[in-house]
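Every chain is named by a letter (A, B, C and D) in the order it is written, and numbering of its residues begins at 1.
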Amino acid sequence: MATAMGAAGQSEWEVAVPEKPLKDKTYFENLKAKVIDTNLCSRCLTCAAICPGGITVVGNKVDFPDYETKCLDCGACVRVCPRFVYEPKSGLGDYIEFIAGRSKRFAGQDGAMVTELLVSALEMGMIDRGLFAGRDEKWATEMFHVREPEQLAITTLGGTKYTFADVLPALKEAVGFTKRGVGIVGTPCIVSGVRKLQQEYPIFRERVKLVVGLFCTENFHYGDISKFLQEKGVDFSKLIKTDITKGKFIATMSDGEKVKFKIKEVEEIVASGCGVCTDFTAVESDASVGSVGSEKGFSTVVVREEPAKKVIDFIKEKEHADFGEAKPEELDYLINLKKGREKNINSDAASS
Amino acid sequence: MMEIINTLMETVMSNQVSIPLIEPMLDSLPEIPMLQYMVAFMLWKPIFALLICPGLTVGGLSLLFFPWIERKLCGRAQWRVGPHEIVWWLGGVIQLLADSLRFLFQEVIVHKDAHRPYFLQFPFLSFMIFLLPLLFIPAGTIVAIQTPYAIQIILALVCLFPLFILGFGWASNSRFAYIGTVREAFMYFAYEIPFIIAAIAMIILYGTSDPLLMASRQSIPGIILNPVAALVFFIGAAMATGRMPFEIPDSDQELCAGPHVEYSGIAFGLIYVLCYEKGYILSALMTILFLGGGSGPAIAGLGDLSGVFWFVVKTYLVLTTLFMLRAVYPRYRLDQGLKLGWSPMLVMAIIGLAISLVVVAVRVI
Amino acid sequence: MEETEKDRNIRILHSGVFTPLRRWATKWSLWPCHFLTSCCGVELAHTGACGYDMERLGTLNMGISRQANFIMVEGTITRKMARALRIVWEQMPDPKFVNVIGACGQRGGIFWNSYNITRPSDIVPVDFFIPGCPITPEGLLRGVRAVQEKIEGRDNTTIRFKHVELPPGDGEENRAPTTPKIFAPTPLVRVDVPRDVDWAFGNDLVKNLKAQLNGLYTSITITEKNRIAIKTTPENLVETSRKLSDTMGVDHVKSVNVIDVPHERKFMVEYMVSGYTEELMPVILTIFTEIGREAEPEITSLASLWESANYSERELHDFFGVQFKGNKGMKGKFLLAPDTPDTPLRKDFKLEEEQYTIEEGVPLTPAITPPHYTPPSSSSPSYTESELEDLKMPAYEDVLKEAEKNDEFVAFIGPHHSGSGHLRWVMRMKGDIIKDVIPDPGYVHRSMEKIAENRLYIQNVPLTERPNISDPINMNLGYVRAIENALGIEVPERAKYIRTIMAELSRIGAFFYDMGIFPLFMGHSTGFMYSFAIREMVLELMVRMTGSRCTPSFIIPGGIRRDISDDVLDRTRNFTSAIHKRLKKYENIFVYNPVLISRMKEVGVLTREEAIRCGIVGPFLRASGVEYDVRKAEPYEVYDKLDWEATTGDAGDCLGRIFGRLEEIKQSVEIVRQAVDAVQGMPRGGVISEEILGDYKEASDDIRGYLYNVYGDLVLPKGEWTSVTEAARGTVLYSIISDGESNVPYRVRIITPCWMNLRGIIEASKGERVADFWTVYASFGYFPPEADR
Amino acid sequence: MKMKSMKKVVGPEYNLGDKIKTNVYAVGVAMQESVYPHTATVFYPRERKKMPDNFRGFILFDPDKCISCFNCSFVCPANAIRMKEAPNKRYYPTVDYGRCIFCHFCIDSCSGGALKATKIHDVAYKDMDAMFTPTEEMIELPEIIREDKKYVEYEIKEDDLHLKRTKGEDYLFVEVPPPKEIPMVSTCIDPGSCIGCRVCADVCEHGAISASVEDGGTLRMKIDTDECTGCGLCVKECSMQILMLNKLERE
C-alpha cells in the first residue's frame, strides 16, 4: 500500500461534465453552432482561455483550427461560455457607491481611474499583477501584465482601445503565475467571462481579486478598424490615441493632427457580437468605470463589490485622486440604447 | 684512341679509393666484362667523392634521414617519441621517405600573383648549389676537386643560399614572404662577416686553406686551439641555417614560414630540405676546420673509408648538435639577432683572429 | 553522375602508375592544417603534445595551407570563419582531406540554434565526422586512422551498432508533452530590485553617492552586497559618470550591457563600473538608464571617459543596433559577419525551437543556412571573377589608404594563421616598428548570450564553460555562483572545498595552456610539450573527478554533481608533487632561458594607469601593479580559509605577466594541497545543498537520477544577479537578469577576461617591434573563443 | 588582510654569469631528457588509456527501465535527445551524436537508470546522417574498431609521472547500480478546478491516470499510485496546474 506524503492533494476526484445539446457532436461544434455561428459570440475569448486544445481567433471569428484532431472534447468551453446559455444583463446594476474621480498621479483619458484603481490595488498588495491592454507598433492590442506601478509610465497602456484584446487568455496565464491575485480590466463581455470562469473553477475564484469593468457601447475588430482608418488616411506609425466623444470618432496623431469622422460611419464595422450585448455598465464587475456621467476630466466610478470599495477607500486615504459628484441619470440614454438590443437576441436565436 | 683510354685508366687507377675489406671482391671482378671498369670508375676518388661521400649518396641519405633523426631526438627530449607508426619496429625511420614522396606526387600550386618562371625555377636551382660546395669538401682523403683555395670557394658558394631564399620570397609576391625575405637579407649581413672571419682565423692558424692539409695539421683539433672561433663559427652556422634561436626569417608563428609560405608540392619539398643541405655543408666545413676532418684512429680493413667514416661521424655530430638547438632555444627577435651578429660575434670573431695569430706566433717562435 | 569534390581527391590518389606508392606516401604523411577554430583546438593541442603525440602517425601539424593536405576543422565554423575555411581549402594542393571534429561542426552541438554558425559540410567536402564536445585525443587520432584507411580504400564508419528490436506492445498512443520552458508574458525586467543586506559600508557609500550625485540620479539602490544600482537619465549619464570618475575614484568599466524590453518600448543601457581603490575594489556600481526602442536608438558613449567600455560598446552596437554617440567604431560590424542577421539579440529575433520528439516531416538537422557565397560547381571547378571577389575577406580600405599616405606597410594577419588564433589583426608597421594594430574579432562568436536566454538555467551550465574549455570550472563557477547568490543558497562545506580544488586545478590547467601556447609562439616546441604534459596530468585528475577531460559541467547550483572518492583525492595530492618536479624542468629549459628573458624583458609594457584605462583584468592587471584579485577582494568558496598569496608585480611587461602566472601556479598547487587535506578530514556525502533539492534530499551526495527533477523548474527571483569570479585569465563577470517567473533567464551578460584583455594587447604592442607582437599576444594568454563568446 | 597577502613577483635580472648558467641549465635539461627521457606518450591506437569508470562516453539504453519521462530530452542542452514512439507506443530516447556534447545530464536525469554511460569515445563517422542513433541501436554495446593490445594508466611513483602498461583490452562498459529510489506520485490539489480535459491521462505513459465517464454526467479521474512513476509529465502538462508531485511513502 502506498500513500502520498503530505495531505496536499488527492488521487481520485470527479468532474461534472456539461450536457451537449447536439449529442453526437463535440462540445466545440456545439459551441460553434449555438454561439459563434449565430453571431451571439462577443469574442470575449473565455473559451480560448480555458481550452487545453487551441481555440483561437481566426480573422474576426473565434475558431478552432483542426478541431477534429485536436479537440479533447472536455466541455470546458461550453461550461465557461457566458453566452452558451445567455442571460443578458442590463441597467445600472447594484452599487455601493457612485462617484466621479480623477487621478492625481496618472494623466490618461478622462480621469484615469482605471489605472488608479489597479495601481492602488497593486500598492495595497491585494493583487500582484494587473492586466492591461497595450498597443504594439501596428496599433494592434497586446496584453500587458503590470506588476509594478512604474510600468504604467508606458504610454501605450493608457486610453481606451476600441478594439478587442485577448484579455482572458492572458488572465489564464496570469492566474498560473500569480502569488497574491490578479486584477483585470475589461469590457462587460469580458467581465461576464471572468465571472463565469470564477463560477465554474475555484482557481479563478481564489486568484482573480479585482475585476474592473468599462462602460462599453460597442467594439471593433482590429482588422476592420485598421482597414477603415487606413482608408481615412491615418498613418499607424504616428497614431497616438483614438477617442469617441460626442458622436465623433477622433484619431490623434503624434504631430497633433486630428482625424475626425462621425460615429455613424464606423457603425457598419461594429463587431457582430456587440449587436446582442445589452450591458453598458459591466453590471457584474467589482467596479465599473467610464467617462459618461461626470465632468470633463473625471471618470465615473460605480463601486459595486467589497474589493473595489477597499481600493477606493485606500485611494481616498492616500489622496491619490480627487473625487466629485457623478450623475447616474446621464447614463440612462446609453443604458437604454443597449437595452434596446435585447430584441436582436431573440431574432438571432430564432434565425438559427 | 686506346692511348687516351689508357691514360684515362691510369689516372683513374692511380687515384683509387682503397678499401682492403672489399679488395678480394674487387679482384674477382675482372671476370665480368665492363664491370671492372665501372667499379674502378666508381672508386675513382673524385667520382667517389661526388657520388658517394660526401656527395650525392651520403648527402642525399642525410637529407632523407637526418630530419628523422632530428625529429626523433627532439621528440625524445620533449617527452614524446616522434615519427613512429610507419614501420614501427624501426621507429618510423622511413618517415621522410613518405613525406618526400607525398610532396613529389602532390599538386604544385602556382598562385596568381607569383612570378611564375622564377617561382618554379628557384627551388630546383637551389638543389644545384647544394652539390657545388660538395665538390670541394674532402671526406678523409677523398675529394672531388682538390684546390688550395677550397675553403674560400666553399664559403663563397655557401653564400649563394640566402640569395635563393631571397629569390623565393621575391617570386612569391606575398606579404609574409616579403617580410621574411627582408629578414633573411638582414640576417645574411649579420652572420656572414663574423662567420667568414672565424673561417679565416682558422686558415691563418693552419697556414693553408687546403682542407686535406688542414686535416693533417690538426694533431690538436682546431676547436681546442681556437675555441672562440669555433663558437663563432657554430653560432654563425646556426644563423646561416636558420636554426633556433635564429629562425627569424621563416618564423612559423609570425610569418607562416616567411619566404616559402606559398610553395607547395615538390617545390616545397626541395625548400624544406634546403636548410638541411646547408646544415650538412656547414657541418662538414666545421668538421674540417675545427674537428680534424676525417682524421681519427684508422679502422682496420676500411682503408680510405676509415677517413670517410670519421668524417661522417663528426659531421653528423655537429649536425645533430646544430639541430638539437631547436629543442633548447626559443627564437630571437630580428634586431636581437642583428645585434648579436654585429657586436658580440664580430668582437669574438676578431678575438678568434687574434688567438690564431698568437698561436701562429707561438708556433713560429 | 557528377563527381563530387570528395571523390576527386580519391580519384587523384588512385590514378597513375605510381598509385601504390602515392597512396602509401599520402597515408603516412597527412599534414593537418590545424584549423584551430574553437575549443576543440585545445584537444588538438593535446593530441599534438607529448600525451598522445600525433607526429607518431606522420601527422605533423603544419600551419600553412599550401603545404598541408589535411584539414581538421576543430569545432564551430562561424559565419565569419566560413569564408576562411573555404579559402584555406582552396589553397591546399590536391589530394586533400577534411575531418570535422566536435559536435559544433556537425549538427551544431550545443550551439545548434545559434545565429552565427554554419555547417562545415556545407562549405567543404568532409571525409569524417568525429563526435564529442570536445573530442578526446583518441577520437581525433581515430579520425586520422580513418582517413589513412580511406586512402587505402576502406572507407568506413568505425563504429558498428547492433540493432535490437524494441518490445512490441499494444499500449495506447500517448500525447507528446510540450516544451518545459516557461516564458513569462510581458516580463518585468528590473535591474535595481532592492534587497536588505547587512552591509554597513554600502549604506555609507549610498549616502555618499547621493550627496555627490545630487540632482543627477533617479534612484540609488543596494541590490545585493557589494552591488549598487544607480538609475539616471540618458542626458545625465555622462555627467553622472564623470562625477563618479572624478570624485569617487571609479576608474574602469567591468561590463556594458543593453537589455531589450520590447513590450515596454525601451532599451536599458547599463555600465557596471568600479574602482581599484582599496574600499571600492569589491563594489560594482551599476549605472543604468533607459532609452526609447526606436530603429536607431542613441546614447552617449562613455568610451572617452573609460576606454575599457570601448569594445563592449561596439559589440553591443552589433547586437542591438544601439548607437553609442562618440564611439568611433559605430560603422559596420565588429563581432558579427556581414551576413549574420542584424541586431540578433533583440527579443524579436527568434531562434529555432527545440524539438522533443521525432515526428515525420520534422528534420533531424537544425536549419542552419549555409553562408551566402557560392562554391564553384564541379562542372566548372574554377572561380569566376565575381565569385572570387565574393570569397575575399573584407579589406580595410581606409586603413590601406592611410597607410599608403604615411608610407607604412600593412599586413593582414589571420584569421587562419599559425600564430594568430582565429582572430584577424590588421597590422600597420613602419619598418620593424608596429604603428597600430586593428583587431577584427568575432571569428568564434557563437552567440552565447542569445542562446543562454533561450535555455533553462541548468542547461546553461554546459554552455558557460564552452567559451573557455581550458578553464572550464571557473567559467562554470561564476555562473553557478550568480544563481546561488540570487537564491540565497549556502553550499555545503565539503562541496565548497571540492569546488575550490577543482577551480584551482582548472586554473593550473589554464595557465599551463597559456604557458604551452606561449613557447609555441616563441618557436620553442619543448616548452609547449613540457607544459602540455603537465596539463595532461591535470586533465587526468579532471577526468577522474568528473568523467570528462575538458568540459566537466560538474558544478551545479547548490553544490557539485557527485562526491569525490578518497582515492581520487589521494591521487590529486600525489599529482601536485609530480607537477612540481616537472615544472622545474619546464622552468629550466624555457622560462629561465636567457633568449626568452631577452625577448620578454621590457616588451609590451603597460603601466598601472594604462592597464586600468584599457580595462585589462586578472594576472595581467596584477602584473602592472594593481592589487586586485577577486579571490582576495571578495572571497568566495573557501579562499578566505586557506593560506595563500596572490601575486602582483610592477614591471607590467611580458616578463612580469609570465612570471606572475608562474608564481600563481605554485600558489594554486599550494591551495589544492591544503584543500585536499581539509576535505579528507571531513565526512563523506552531502555535497548538494538541501535547500535546492527540495523533495529530493536523498540525492544530496549524488544527483544521478534527479538532475532534471530538481533543476528543471529553477526560477531566480527577479532582478539582476551579478557575480565576479577570478578565472585563470582574469575576472569573469556573469550578470543574469531574471524576471522572477520564467525558468529561462531574461538576459545573460558574460564578460570574459580575454574580451577585456583585447584592448590591452593592442595598447601594449604599439611601438614594439613586429616580432614582439606575438610575444605580447601570447603573454596575455588570449583565447579567442573566450573573448568572442 | 587583503593587501598583506599579496606577493610581489619580480622577473630575473641576468648578468653574464647568469646567462651562461641558465644556458647550461637549458642545454642540460635537453641532454638529460634525450638520454633518459620521461616519455609520457600513449601509443594510441596500439594501446589505449584506461579511462575511469565514470568516464562520459557514448550512451546505452535499457528499455525495461525506461519510464518515458522525457527528462533526458528536456534537460539535453544540445537538444540531441529526442523521443521516438516505439512499437509499444511508448516514447524512447534517440541520440544524435552530431549534437551530443557528452555532458551526461541525461544520465543524471534518468531516475530509472535506463540510460548508461560507456567508455566509447573514439569514433569516426563517414557521414553525418549515420550519427543519428535510433533507440534500437542503443540497447547493446556497439562494436568499435580496436587496435589496442594494452592499456595505460597514469601513476605517480617517486613524485613523478609513470605510465603503467598492462596487456589486455580495457573494458568499455561497466554496469553501475541504478540511482537511489525517491518515489514520487502525482496528486490533484484542486479537484474543483479540473476541466476534465484528460490531457494527464493521455500523456501518462503508464496508464496510471484513468478517466471514466459515469452516467449522470460526471467524469471520474483516478491516479493509480502503484502505477504512477512520479515522472511529472501530467503535472507539467496540466493546463490548470492543479496536479502536483508528492513524495510517496511505501509501507
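In this section, a residue touches a chain if its C-beta (ideal position, glycine included) is under 8 Å from a C-beta of that chain, and two chains touch if they have at least 3 such contacts.
Everything quoted here is computed from the prediction, not taken from an experiment.
With centres taken as mean CA coordinates, the chain nearest to the overall protein centre is C.
Contact analysis places C-D first among chain pairs (by count of C-beta pairs in contact).
Chain B and chain C, compared by their mean Cα positions, are separated by 47 Å. For the pair chain C and chain D, the distance between C-alpha centroids works out to 23 Å. Inter-chain spacing, taken between the CA centroids of chain B and chain D, is 58 Å.
Work out the mean CA point of chain A and of chain B, and you get 95 Å between them.
Shared interface positions of chain A, i.e. residues touching 2 or more other chains, are not present.
Contact with two or more other chains is made by residues 50, 53, 56, 526, 533, 589-590, 593 of chain C. Under the contact definition stated at the top, the residues of chain B that touch 2 or more other chains are 77-81, 84-85, 327-329. Interfaces, counted as pairs of touching chains, are A-C, A-D, B-C, B-D, C-D.
Looking at the complex, you find that chain A touches chain D at residues 1-6, 8-19, 50, 52-53, 72, 74-76, 79, 176, 201-204.
Across the complex, chain C meets chain A through its residues 184-186, 188, 190, 263-265, 741. Touching chain D in their complex are the following residues of chain B: 73, 76-81, 84-85, 88, 324, 327-329. Across the interface of their complex, chain C is touched by residues 71, 74-75, 77-86, 92, 95, 97-102, 104-109, 175-176, 179, 244-245, 247-248, 251-254, 256-257, 261-265, 268, 326-336 of chain B. Chain D contributes residues 183, 185-199, 202, 213, 217-226, 239-244, 246-251 to its touches with chain A in the complex.
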